[in-house]
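Okay, got some structures for you below.
What follows is a pair of complexes built around chain A, which joins chain B in one and chain C in the other.
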Partner chain A sequence: MKVPSPFKTWLVALVVLHGIVACAGFFAPYDPVEQDRKSPYLPPVRLHLVDASGHLHLRPFVYTLNLQAGSFEQYEEDTTQLHPIQFFLSGAQYRLLGFLPCRLHFFGADNTRIYLLGTDAFGRDQLSRLLFGGQVSLLAGLLGAGITLLLGASIGALAGYYGGWRDTVLMRLAEIFLALPWLYLLFALRAFLPLAVSPLGAFFLIIAVIGAVGWARPARLVRGVVLSAKERDFVRAARGFGASPAYLLRRHILPETYSVLLTQAAILIPQYVLAEMTLSFLGLGVPEPVPSWGNLLSSLQQYSVLVSYWWMYLPALVMVPFFLGYLGLASALQERGEAYKIAGRSLGSLM
Partner chain B sequence: MKNSRVTNSYCRMSLIRLFAFVAFFVHVAAASAQQKNAKEDLQVLPGEVGRPGGRLVVSLRGEPKTVNPLIAADTRSREVIGVMQADLVHINRATQLTESALAKSWKISPDGLTYTLVLRQGLRFSDGQPLDADDVIFTFRVYLDENVHAPQRDLLIVGGKPIVVRKVDAHTIVFQLAKTYGVGERLFDGLAILPRHLLEKPYQEGKLGQFGALAAARDQWAGLGPFRMKEYVAGQRLVLERNPYYWKSDAKGNRLPYLEELVFLFVPNADAQVLKFQSGETDMISQLSAENFSVLSRQQRGYTMTDGGPGLEYNFLFFNLNDAGDKSSPEMQRKQKWFRDAKFRLAVSTAVDREAIVRLVYQGRGSALWGLVAPGNRRWGNEKLPRPPRSLERARMLLQEAGFSWGNGRNGESSLLDSDGKSVEFSILTSSSNADRAKMTALVQDDLKQLGMRVQVVPLEFRSLLDRVTQSKEYDACVMGIASLDADPNSDINVWLSSGGTHLWNPSQAHPATLWEAEIDRLFDSQMSARTFDERKKIYDRMQEVMAEQQPMIFLASANILAGAKNSVGNFHPAVLEPYILWNVEQLYLKTGTENATR
Partner chain C sequence: MRFLLRRLAHAFLLLVGVSILAFLFTALAPGNYFDEMRLNPQISPESVRALRAQYGFDKPLPVRYADWLNALFHGEMGFSFANNGPVAPLLLTRARNTLLLTITATLLAWGIALPLGVWSAERLGRTPDRLLSWGTAALLVVPDLALALGLLVLAVRTGWFPTGGMASVDFETLSPLKKLRDLAWHMILPATALVLSALPLLVRHVRAALAEVLNAPFLLAAVGHGIPRRTLLYRYALPAAANPLIALFGFSIGALLSGSLLIEVVMSWPGLGPLLLEAILARDLYVVVGGVLFSTLFLVGGNFLADILLFWADPRIRTERSAG
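And then the complex of A and B:
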């Protein structure tokens, strides 16, 4: 029996996780911004197999939770009617993968609403918000890392290949960028921007900002690889045959950096997801009511939420499999011997 | 450092000696004290008789700046000044009616222009110096002096002329007004009487403004309130001690206050205040959010939480109705065309789900609001004010009448278009430090989405929010809250009048911008000189109706007064007026525990 390589295992796990988030509309039972004002801070619903009179059911079912009379936060189960869980049923409209209009949902129930992970202060479904919030946070991480790697690779290659004063200037610039207290700079930047930024505008702003801030480290790594690659025999030979710098970079030198860049990507993506979460947690990210993992957690800044509603912590747990996946992938990449030592050093400093 | 420690221990030594001496002396002088009391006109308070001694700790949301009422602008300073000073006539926070204070009695002449006040006998400042009519005359001279810039000055100008204060004898003062004044003797509430023997010199030197810093207040200041300065530790706490010359007693003749010490801890954050109360570091807590209240209620260990009922705070949404003239951008002009339309504002008001705000923000501990008079204000509310239930249909009808229509937006949702076919989009500012108001705004945002309006919520730090609303005036709409200081309408004068600084949608106007604002100005003026309560109430009712018709402020909800105290605190009765829990501080006492009775 062939044991799958750790690289493939991690990759498949990540693809599945991202697939679920990408198809959030299908897996989420409800619209993430829809308020159910009758059920604020509803605890996660219980799935039953045995009903109140002791009968066993094969299909799991739920009881509707109603507010206790006179209370505004205590719920009780209405055991007079059970609602079996239905699969593949029609519900709120959404756009699959962002463009396909669709109404099919993975699960739900007739005549009641199922809140598997409870609701927030406005009675919005936490599970739906979690899935849709993942779209914002993960996409911000992916795109941000993409921008960073593009910038880092170009700047690093330029500095490494041409050397001389260009190298000096670019690398000093990189050091300045590494030294910047960027979180506080972002606060300052936000103050200069117009007051009301639309959710989409805020999203791209975040991506641009976190993407532009982090190029320095990959640029230094790429520069190191390019420095050694350009002195290799096959590169010298190509140069001797009259190859142009652009051809040399594209054909011979940059391919040498791919494994470094891949490992960097596996490290940067979770880092940038976390950066987006930090910004949104502090109120600098996408504005309400659009969910992101960061602003889902921001209600925990209130003491009363912190001690009363444990299901508000769940968004913090959700990132664990994602981060684990990415870090596992990064070390698998390393183990495959494709990563250079220098990348390993930066990985070590990160963990 | 070393020097001060030496002095301290010396002080303690001499204090002990002093106590021994006093104890002996009190024994001897017991008989003659009765005679002295006869001359001294103590105010006898009804209610539960407590036991003397002990120290009570409360938290203060930030550090007070001064004990000088002439320069105090922040609420922390005013809270501290409130327990160190006294006024001539006082509004009872429980009954919301006036009662005698430093003035034993008062008389208003039939034409309403002359107020004659008679002071109590034997009054003394907290440093033991006697008080007489000259101190009162001095106080009002200072308040009215333009060079002092006292915030109290505006209240003492009636009919465009300052009130004239005249001394008749050592205990009788006459106040002469140029015009009748609707509020009557309520005018004197909160006007602290100043110690002439300490302040006359700095006043003449023009240095009153620098007087009364907390660090120096022990020697520089004396008041007539139940407590006086003892110790101030910057950044940590303020310790006040019992004023032995206080002029009130309980039903059994014990001189008040009961407490030996009152300690204010500076705790800037509401959640931190809750934690301090929960851990027993503070004895009382007030101004709680409903969520924190229910957290504390859930595990009452040694303390009791009290829902004091509807308060006087009103939360509202308003649109930017300032007239910036040619300076404003075309975009702003387009938006203001909607905002200026009363039907648009009425539609917004009709679409707001106030009942949901009360449930979700206040967990039922609040009331929906349709007018400026909060339900806690029992005497002044207009019963007949329309309270239309939420109706999206009616809101849509109103918008249609005003020329709005609906089209398909970017995501297939219906979006509201104005008469020029532009979609209706605006932002609402809200204070980022106030979780309740942020929640309220999120609910309003969702309500307006049902009408096809695209609304963005912008949380801002409170000071920059205030700056935008009152100074730069660059905003679309804003959600804010104001708490009336008194049940009487006059306390909200700056909200009502178009010239007022808190006339938020268009503050400090030179001339009323609209006919209805002119009408409110006129009505407010006429109620000021109305003589009877019924007459004033009728005018005031009309003012509330004009507001309801025009909706410059879309009122949302009002929170209940939520407070709590350890079970050991006696006479704890939160009021709906500020200061919510310290209004009867002289009667508060500790039932058991750590008091070190020195009497």
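And then the complex of A and C:
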């Protein structure tokens, strides 16, 4: 009997989730910035199996929603014509994974538009915006975490390996960064950077800001590992044979820090996605019309939207499966690290 | 005592470090309040230059830092351009409100997390413990933002709770007791959001710390002596597990401060959060620096409090330091 390790299970789940977002163009029925001015704040469409005259259909279908006469926001279903859901049909052009021009969409319908999660004030499809917004938010989280880990690992390795005044200065600096509540730090860094920038500029700006904020914790962890690793016998032996510091760090010392860095990545990525969401939610991040998970929610700052259009809240919940995946991954990694440590210790006591 | 003094000096140095760093960033920042002004065609370049000179923006950086420190000791903390007045009074009321919310949330979160964690650790691996673990995991994966917005939806839809501000319109006319009730009434929603976001981590740590201690031989001996369960848990086990938890206490204050920044904006609690956001959008950098400094002050204060707690709770630290 072979039970898949929890680590692998979580990893596969995360890869699937990220894959869906990466192929947003395929799974999203429409272009995320395409407006349908005739149907603002359209509620999520209902999928039907039974039509108005009581017949059962095997293929789910939808009715077109039309504005009620004399109303601006009340919609009613036009039950005279049903539109069955079609799979793998061609629609708006997009670039799969960012470069492959493609027209194929996972689902859609002929002669009508399906808004599974409703539409926003401009009649843009919330599901498409959610999927494309995930690309922005998740990429920001991943790249931000990458920057942080790179910074943290190099600073930690530098401080741990060379020690002395470098160590003192860097670790004091790390203490200052740790002394600040991180969201305040994020705000402060963002405050000192220009406000009005293009969406792409803003995207890279917040990645840089988010990435620069969190280096202190991984740096301290890496420093600790490096401190103990550089006194290990095989490292001393290599040094005795005349290995250069760069070689020692690359070949012998940094590999010891990989498990720490991996665990940190699993903790940092969701935190950074959330940071991007927070910044964009407050209007300091990626600007409209480019969707991100944060600015999808920013319309909720108005009470009227919060009260009248409940489906606008749905994007807030999209983070949950991703958080769950990363939480599971982090705890699986931690357990594995602990098991490894315990095994190592008992091995050491035997010898 | 030397331990506490050293921690105090350390905290002070940290504050100085943060202030220097924050100041450096303001200097490096591309664009300040005057740059926005320069874009306004109705203001001549000369008057912008004159204003820069008036507020000392043409002086070298160390001089500006010294000026700012000087202003700090005179209770001003620099000048808010957008509000045309010193920063400190602006920040003080906001900081007080943030502090009020954060302290309440901290006390509530720990007040709930401690008994819950102890209760869970006592039943380690049994059904109630499992259920609680699932509960905390579920709370852990819901982001703060979703939590706050969800609570807001609840409040707006049901009308059970006020949805913004920290006082009713007729607050000034109320009697002291009613004022307190009104305040608590307004605090329910933001405090709940904060507590819920902080709680899962705290409960998990309390549970883990206590579970480790519960296996210790001295507790087995205590059980053998027939010491009642409650005394056993709260007088014997909890103090022994306190060390990592007190470190967590300091950390939790930082997390709650960060959390409250967002929740204040969402729930329109008049704390540092909304002020900071306005200041960022207006490029009113001294307000930002002041806000960051205040938050650091709170966090450093919280950590110092944690040190005092540790000093009080852990006899090992007292003897170790006085001997050394």
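Here is the rule we go by: the second predicted complex is superposed on the first by the 319 of 351 C-alpha atoms of A that agree within 3 Å, B and C clash if a C-alpha of one lies under 4 Å from a C-alpha of the other, contacts with A are read in each partner's own complex, and residues count from 1 in each chain.
Going forward, a residue touches a chain if its C-beta (ideal position, glycine included) is under 8 Å from a C-beta of that chain, and two chains touch if they have at least 3 such contacts.
The model shown is predicted, which means the values in this text are computed figures rather than measured ones.
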Touching partner for A:E73 - first (chain B), second (chain C), both, neither: first
Which of chain B and chain C A:P287 touches, first, second, both or neither: first
Chain B versus chain C as contact partner of A:L195, first or second or both or neither: both
First (chain B), second (chain C), both or neither touched by A:G146: neither
First, second, both or neither for A:A121, with chain B first and chain C second: first
Touched partner set for A:V305, first chain B, second chain C, both or neither: first
Of chain B and chain C, the chain that contacts the larger number of chain A residues: C
First (chain B), second (chain C), both or neither touched by A:P6: neither
Contacts of A:Q35 with chain B and chain C, given as first, second, both or neither: first
First, second, both or neither for A:P181, with chain B first and chain C second: second
Chain A positions touched by chain B in one structure and by chain C in the second: 195, 283, 303, 307
Interface residues, chain A side, partner chain B - complex: 33, 35, 37, 40, 72-73, 101, 121-123, 195-198, 283, 287-289, 302-305, 307-308
Chain A contact footprint on chain B (complex, rising order): 271, 274-275, 289, 291-292, 294-295, 353, 356, 359-360, 363-364, 412, 426-427, 429, 432, 435, 439, 442-443, 445-446, 456-460, 474-476
Interfacial residue positions of chain A with respect to chain C in the complex: 172, 175-176, 179-185, 187-195, 274, 277-278, 281-284, 297, 300-301, 303, 306-307, 310, 313, 316-317, 319-320, 323-324, 327
Residue ranges of chain C in contact with chain A within the complex: 14, 17-18, 21-22, 25-26, 28-31, 137, 140-146, 149-150, 152-153, 156-157, 163, 254-255, 257-259, 261-262, 265-266, 276-277, 279-281, 283, 285, 288-289, 291-292, 295-296, 298-300, 303
